[in-house]
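Comments concern the structure below.
We call the chains A, B, C, D and E, going by the order they appear; numbering starts again at 1 in every chain.
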Amino acid sequence: MPINYYIFLSVALFCIGIVGVLTRRNAIIIFMCIELMLNAVNLLLVAFSKMHYKTALLAGDAATTAGTDGQLFVFFIMVVAAAEVSVGLAIIVMMYRNIHSVDVNFLNRLKH
Amino acid sequence: MSITQILFWFLSVVALFSALMVITSKNPVYSVLWLIATFFAISGHYILLNAQFLAIVNIIVYAGAIMVLFLFVIMLMNLNKETEPQKNRWQKMAGAVAGGCLLLVLVAALKDSDIKQQQALVNGGSIGLIKNLGKELFTTYVIPFEISSVLFLSAMVGAVVIGKKE
Amino acid sequence: MVPLLLILIPLLTGLTAFFIKNEKAVRSWVLLSSGLTLSISLLGLTVLKEDKFLQFQCEWLQTLGSSFSVRLDGMGQLLCLLNAVAYPLILLATWNSSYKKSHNFFALMLLAQAGMMGVFLAMDALLFYFFWELALIPMYFLCSIWGGEKRIAVTFKFFIYTFVGSLLMLIGILFIYSHSPSHSFDIASFYEIHISSKQQQLVFWLFFIAFAIKMPIFPFHTWQPDTYEQAPTATTMVLSGVMVKMGVFGLIRWLLPVVPVASYQWGDVITTMAIIGMIYASLIAIQQDDLKRLVAYSSIAHIGLMCAAIFAENQSGMQGVMIQMFNHGINIIGLWIVVEIIERQFGTRKISELGGLAQKAPAMALLFVIVALANLALPLTNAFPGEFLMFNGLFNSLVTKYSVWFTAFAGISIILAAVYTLNMIRKVFYGNMNELTATVRDVRSNEKLALGIIVILIFCIGVYPQALLNVTKEFSEAIVKKADILPLFRGH
Amino acid sequence: MINGLGRNRFSRTGVSLVGCGTILGSFILSIWVFIQVKDGNTHVADYFDFISVGSLKISFAFQIDQLSSIFLLIITGIGFLIHVYSTSYMKEEKPEHFGRYFSFLNLFIFSMLLLVMGANFVIMFIGWEGVGLCSYLLIGYWFKKQEYNKAANKAFIMNRIGDLAFLIAIFWLINKLGTVSYTEVFSSANLAKLKAGDITIITLLLFAGATGKSAQIPLYTWLPDAMAGPTPVSALIHAATMVTAGIYMIARSNLLFSLSSVTMDVVAYVGLATALLAATIALKQNDIKKVLAYSTVSQLGYMFLALGAGAYSAGVFHVMTHAFFKALLFLAAGSVIHAMSGEQDIRKMGGLGKKIKITFITFLIGCIAIAGIPPFSGFFSKDAILLAVYVKNPVLYGIALFGALLTAFYMFRLLFITFSGSNRGSEEQKQHLHESPSSMTIPLIILAVLSVVGGLVGIPELFMKGGDKFSAFLLPVIAQQDAHTVSHATEYMLMALSTGLVIITIIFAWFQFRNYQQKESSGFGKVLENKWFVDELYEKIIVNPLNKLGDFFNAIFEKSVIDGLVNGVGKLVNYSSRQLRLLQSGQVGLYVLLMVVSMVLIFVLQFFLRK
Amino acid sequence: MNALIVSALLGVLMMFSGILLKQKKALRNVAIAGMVLLLMLNVLEMAGIVLFKIDTKGMMVFDRFALLFTTIAFASTLLYLLLSARDMEKVGINYAEYFALIFFILCGITLTASFKSLLILFLGIEIISIPLYILTGSDKKNLKSNEASLKYFLLGSFSTGLLLMGIALIYGARGTFYTNDITVFTEAKPSALIVAGMLLVLFSMSFKVSAAPFHFWTPDVYDGAPTVFTSFMATIVKAAFFIAFIRLFDDAFGLLQSKWQLLVAIITVATLFIGNITAVFQQSVKRMLAYSSIAQAGFMMLSLFAMNTDAKEGLLLYTAAYSLATIGIFAVLIKMNDYSFDGFNGFARQQPLLAATTTIFLLSLAGIPLTGGFLAKFYMLKAVMISGDHLWLVIVAIFMAAISVYYYFRVIQAMYFKEGDSPPIEVSRGFKWTLVLLAALVILLGIFPSLLLNWLYF
């Protein structure tokens, strides 16, 4: 598959995530959109990893492990995302406990 | 058009469509479900790229664990209705336009990059297999791996700090 | 050794003064300190004339290309002397004024003195900048804590204003540094730079604005009357007597020789500005009803003349400026002392509310009239030789085509100076007493002593100015030579 | 020569003794000096470097030659007399004020001596300003009256205007010659170096300086006001000595002036105009001292006329004779005022001639002298001037003669109104009327004698072989210009003409004012009474606009433009701060939006705008 | 390496001591002792004594720059703990956990100071960020704290997304995460992927150091977070991000300077402008300090712009001077009853020593000579000046510095020149002495910066 396809697909997903962050006001959904962005990155990394692998193969290195690092990076991203989710949801829940809402528009005690 | 290509297009369309549905669904629960659909599509891509390990982890961790957690929280908060009132339309519009512009700009910037001729190897290569990744992870990447434990520890402590009732 | 002591004595005594809570003790301490400074300064001027005494250098910030380098040269001698003379005078004159938390007051005063000493002695641009600011900060606190009603806003304006100026100077310093051949802040390497005329002009303005604000030169002067009005008089004396000289000093040491071409190119503009300022300030002074503001505007006019004379770029003007810096310092302190006495007695500085003081306070009237006349540069008072030389320098300047016009217009201001000074004397000291002024008491002995010393200085220097001129002779020759760009033209 | 200032700690007698004694000492020294220089010597005493910068060297040096010795004599001599006179005139003052008076007076003498003895222009300038200062101090001597103080200020400021011109002239000299000492400036080598244009400018500037000090158009208005000071001061400073400093200066620089015909003409015309203007004003003044003041201005005009005509020695001669008779007149007027208990308005006097005889007679002598009736001193000096003018231009002569007639007219008007007719003063004044004490009358008498015979030193050759000693004496200093080109017959005729006309005028005045009654003047008289409205004119075109300008600067320009700009920057910062912080709305959505928008912009900039 | 491992271990230790030790004082003492140990080990490592020798496969390198910075950060943290550890009690019940989180953050700081791989950078940033989200929200009953936490979390995650996208793009172009390999040779035209990735990384890092226009979270979060943690976030953490920033751009994109220099200049100017201007109108000192931290970030950005030896030295000096001063001010601020400017009215009369030290800190922040702040700013300006023809940037910076005087001096004015009647505050003797020590350090840095900077070389 041409790498450009993956790039565009990922970028599209990434931007959809951004649009979600911009347009929604439910904190949980915003957070989900961020996860979507991370997944777009993951996809891109995997695609690149395979691209580099292919490049190395074509260069004649049959036993190459080029591109492994990309996939491992994805693994770490997932790890971090998991940790982030636990903390993030805890914060959202705490917020909800206090003001019974997860609407970010209500987050305006702090301004100016 | 080979089967791989068909699959690629199919998965791409699914991923994009469900991603769009995530951000447009009124009901948060639907959003979660659409997001899970997206993750599945992405996992499909991983499989297509012969990155089985990540595909599995993606489904288990993301779709399985994380999204369930989301769903759980949403349910806990009783947000499974269309609770969200209409957001300021101008802001929505502005958000969509800004995001669109960003997409446009990124695509325009990247479309002529020097690697546009290159291909991602589909359906082949063994680097995505658990054996290879594991070997690499526990040799070269052992330090980051250990470090991520600190991350988890802090996340754990954090969850305790935040969650514990006073 | 001498310059180091000149800085260290006020600095250390100042720091110690913070901890002497007893008012009497702190006064004596400060008097002791300033007396010591004065005697060291005099020693440096008379006995310890060899280079090894007048120079001090040690490593400091060498990675930055800067060192702790201080030296007493001609102009430095004079200004340090002024600084050293001013303090005992001020202390004497304000011996009866009480300040709450006086230890802090005097400590800050001494710190300011240390800062000013440093400015006059520094031979390294960065060090110069350090001291420049060090002098400013204590002033800020002095004026803000012990000043008049509107002190906070006014002092703050003063502070910000001068701070902006000094920051611009900092840019200038950095600019020269980055273009200096040896990447050093040493003044010698500053004197050696070769930069294009455009760059010179840039640097010129960066420096000039800083100095112009400090002096102050029209139209950068608006902080000054307000600050003088609001500051406690002892501080005002330091400000106007010594601190404004920092700007003039800076022009001579750090601007003219460093960027001679730009100084030449902009000389006419600056001189015009200075002269407009002189007339402008004099006209305003005529209209003033507040004694402090009147003196403040008069100071602007006088400083304007110094600025104009500097840009005449000849030795007459230069030496005139140098001795005038000293003399103006002495005279204006004298004026302030009287203003302080008046304000302390009557609680007002309004000229319109005063009158007839000479009837009951003849000594005060006499001393004041002498100082005021010295301020007018009457012959045989100290200001005359200075003004004479400055006007002569201005008139005989080779670097401008308009010297005659400059002199003529600058001359108008000396007429106007007569107008406002005499009017002030007339309205304050002459005429009939009113209810307020009927309670006047003559000067106390300490005030009389301070004024007496000033008057003696006025006459001594007025009759034999050559003593001071000799001090600055070589230095001014060197500066004029450095600033002279005519050889450059001849070369091409 | 330099007097210690008699300070106010002494008793009154002590002060008088110290004051008079030092002047007497000076006088004696002056005579000694006079004898020393009689045979054409010039002494230059160089004390120390006053200012020495680069190539410019100004030393504190004195030069005594014939010209300065004449002035020395006048200054110390008349000064001494006036000191003596003052001891009783001022005796009603409080001790400290009495001391102050004498210290000022001595300071004045000191400055005046400095002025005439200085060996260069700078020292002259020092004295020049010094006398201005003393004049200021003495005019404002009675400092309780703001009117007087204003007059003092006016005097000082007007002098300063002249001083500025003088100062610029000095700079010009330094610029061209690099020196200010007389001997060097007037050396023929240096004079030859100067271009004609430079000479004209320098001399004009010097003359402008002289107009300030010597009360010529346009800077004369301070002198009449200066009569606010004590009368002896008026006599000494504002009649006999200080005001003649301008003449001294020009006479001193005669070599320079002679090289510029333009300046000479200007000097002559200004002098003549001043003489006429002041004389016309004097016709209608009612203050006894004001009349004398305008008369002084007028006489100074004559002196300048002489200088302008090139008759320097005649000018200096007139300075001397004028010093005698004008000091006399003033002192006599002082005596009158003293007698009338401070009354100065001649309309309230009259018939005093019988009561205070000595004063009357001395006043009369003064009047005759000033009117120029032979053989009184004024005749010779004035005649010398008129003759010189005639040589220069007969039309000018006519005008000058007319001025001389006016002089005679107003002086005798003054005399008759004051001393003849009946007394118009109050009863109390009539009671109080008495002759002054001897310490006042003796100087009067001495001066009267001098006024009578003083002219003889300059008696023209016409009358006496070997006459005109005066010019001869000054010859080393003043190059003789006025080679007589008129025949003796013409000279006689001119003398006779002027004398005759003067006598006719006096007789006319006698009929006019023998029995003076007060009446309103009208029309032109009003203009004269108000001094041609010159003061008002100055007020309108110079003082008021300057005040307005200052007001404008102070109230509007300073506050709203300059300070406004500075504060405006602060306000701008404050305003933008208030606006900018609204950006921080607290809305996460907005934050992200702004971030994304700026990202887009930066991307666009990076990829599509930059090459 | 010493620091990395020990800080992680200390974090764990604190977690457990929270269970074992019930006394808060004991906990505090353990934490402080641990901090001292950490600092000492780090200094030992600078002297060449390394306890743990682990092959990081080139992903990290503990060079002098990194070690010196970690030393600065640890020393600052030690002082911070000495001054403010007691005040953490007021925040909530999880006293031990706060210390644990702080140690974890320090672990992250060690990573960001010494990374050579984008992966380590990413992990380091996350290890710093996640505990911060928690600390921000640790005052659970306080809605402001909640809000700040959530905002910080959402925006922080968003910026992490950007960072990851950037890393992915860079990886795509180059196939490696090692920073040194990203631009090892000069190319006529760098790949669009690298440039785009670099921009995204730039945005993300700008976000972390709160540079405009990615600064929006800063005022709200700093304001909402418990003051004691704001102090930590605004100083040591921000400094760490800056070190990461400059390290990344030096190693990875140093050769592309022409590509990003203008952008950095724009960001710098915007940051200086927004930070300084907006701070002028604030009514709360805490919020003013938040804006001031943005403004200071603008100055630190100058080092990124110039990217030469002076810039790096200067940045270290800047982080030290800025951290010390800000920690000091916050330590005093925590004690105040009223965070508004008026709350400081008459403070000098009530607490002359505290007022004097606060004044020194404020002067340092304003960049007045003889304080560390001045030399730090001076280094920055000098770096820019000798990096080429960028006078305009220096002039902008200077004018903004002048504006900064305005708001810093408002505090001084309130303390010294205004009368106030706020109830007196209690401070311990130790607190005072630590504050004096801090002030002395600030001045020492202002007079002899070489005491610090010589460590870079000797």
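Rule of thumb we're sticking to: a residue touches a chain if its C-beta (ideal position, glycine included) is under 8 Å from a C-beta of that chain, and two chains touch if they have at least 3 such contacts.
Since this is a predicted model, take the numbers as computed values, not measurements.
**Student:** If you apply the touch rule, which chains end up adjacent to both chain A and chain E?
**Tutor:** Neighbours common to chain A and chain E are B, D.
**Student:** Among the other chains, which touch chain C and chain D together?
**Tutor:** Neighbours common to chain C and chain D are E.
**Student:** Could you pull out the chain whose C-alpha mean position is farthest off from that of chain A?
**Tutor:** D
**Student:** By mean C-alpha position, what chain is farthest away from chain E?
**Tutor:** The most distant chain relative to chain E turns out to be D.
**Student:** In terms of C-beta pairs in contact, which two chains are most connected?
**Tutor:** A-B
**Student:** Any idea how many Å lie between the Cα centroids of chain D and chain E?
**Tutor:** 77
**Student:** Compute the distance, rounded to whole Å, between the mean C-alpha positions of chain A and chain B.
**Tutor:** Their C-alpha centroids are separated by 5 Å.
**Student:** How many angstrom lie between the CA centroids of chain A and chain C, rounded to a whole number?
**Tutor:** Computed value for the inter-centroid distance: 66 Å.
**Student:** List the centre-to-centre spacing of chain C and chain E in whole Å, with centres computed as mean CA coordinates.
**Tutor:** For chain C versus chain E, the centre distance works out to 43 Å.
**Student:** Identify all positions of chain B at which a residue touches two or more other chains, and write them in rising order.
**Tutor:** 87, 91, 94-95, 98-99, 102, 106, 109-110, 113, 115, 140-141, 144, 148, 151, 154-155, 158, 162
**Student:** For chain E, jot down the residues that touch at least 2 other chains.
**Tutor:** Expected reply: 119, 123, 126, 130, 133-134, 137, 140-141, 151, 154, 158, 169, 172, 192, 195-196, 219-220, 406.
**Student:** Multi-chain contacts in chain D: which residues touch at least two other chains?
**Tutor:** Residue numbers touching two or more other chains: 570, 581, 584, 586, 588-590, 592-593, 596, 599, 603, 607.
**Student:** Report the complete set of touching chain pairs.
**Tutor:** A-B, A-D, A-E, B-D, B-E, C-D, C-E, D-E
**Student:** Using the touch definition from the top, list the residues of chain E that touch chain C in their complex.
**Tutor:** Those residues of chain E that touch chain C are 313, 363, 368-370, 374, 378-379, 381-382, 385-386, 391, 394-395, 398-399, 401-402, 405-406, 409, 413, 416-418, 448-450, 453.
**Student:** What does chain E use to touch chain B in their complex?
**Tutor:** Chain E residues touching chain B: 8, 11-12, 15, 54, 56-57, 59-60, 92-94, 97-98, 100-101, 104-105, 107-108, 111, 117, 119-120, 123, 126-127, 130-131, 133-134, 137-138, 140-141, 169, 172-173, 191-193, 195-196.
**Student:** Under the touch definition given earlier, write down the residues of chain E that touch chain D in their complex.
**Tutor:** Per the stated touch rule, the residues are 151, 154-155, 158, 192, 195-196, 199, 203, 207, 213-214, 216-217, 219-220, 259, 262-263, 266, 274, 277-282, 403, 406.
**Student:** In the complex, go through chain C and note every residue touching chain E.
**Tutor:** 60-64, 126, 129-130, 132-134, 137, 141, 144-145, 151-152, 156, 159-160, 163-164, 167-168, 170-171, 174-175, 177-178, 202
**Student:** Going by the contact rule at the top, pick out the chain A residues touching chain B in the complex.
**Tutor:** Interface residues on chain A, with respect to chain B: 1-9, 11-13, 15-26, 28-29, 31-33, 35-36, 39, 42-43, 46-51, 53-55, 57, 65-69, 71-72, 74-76, 78-87, 89-94, 96, 102-103, 105.
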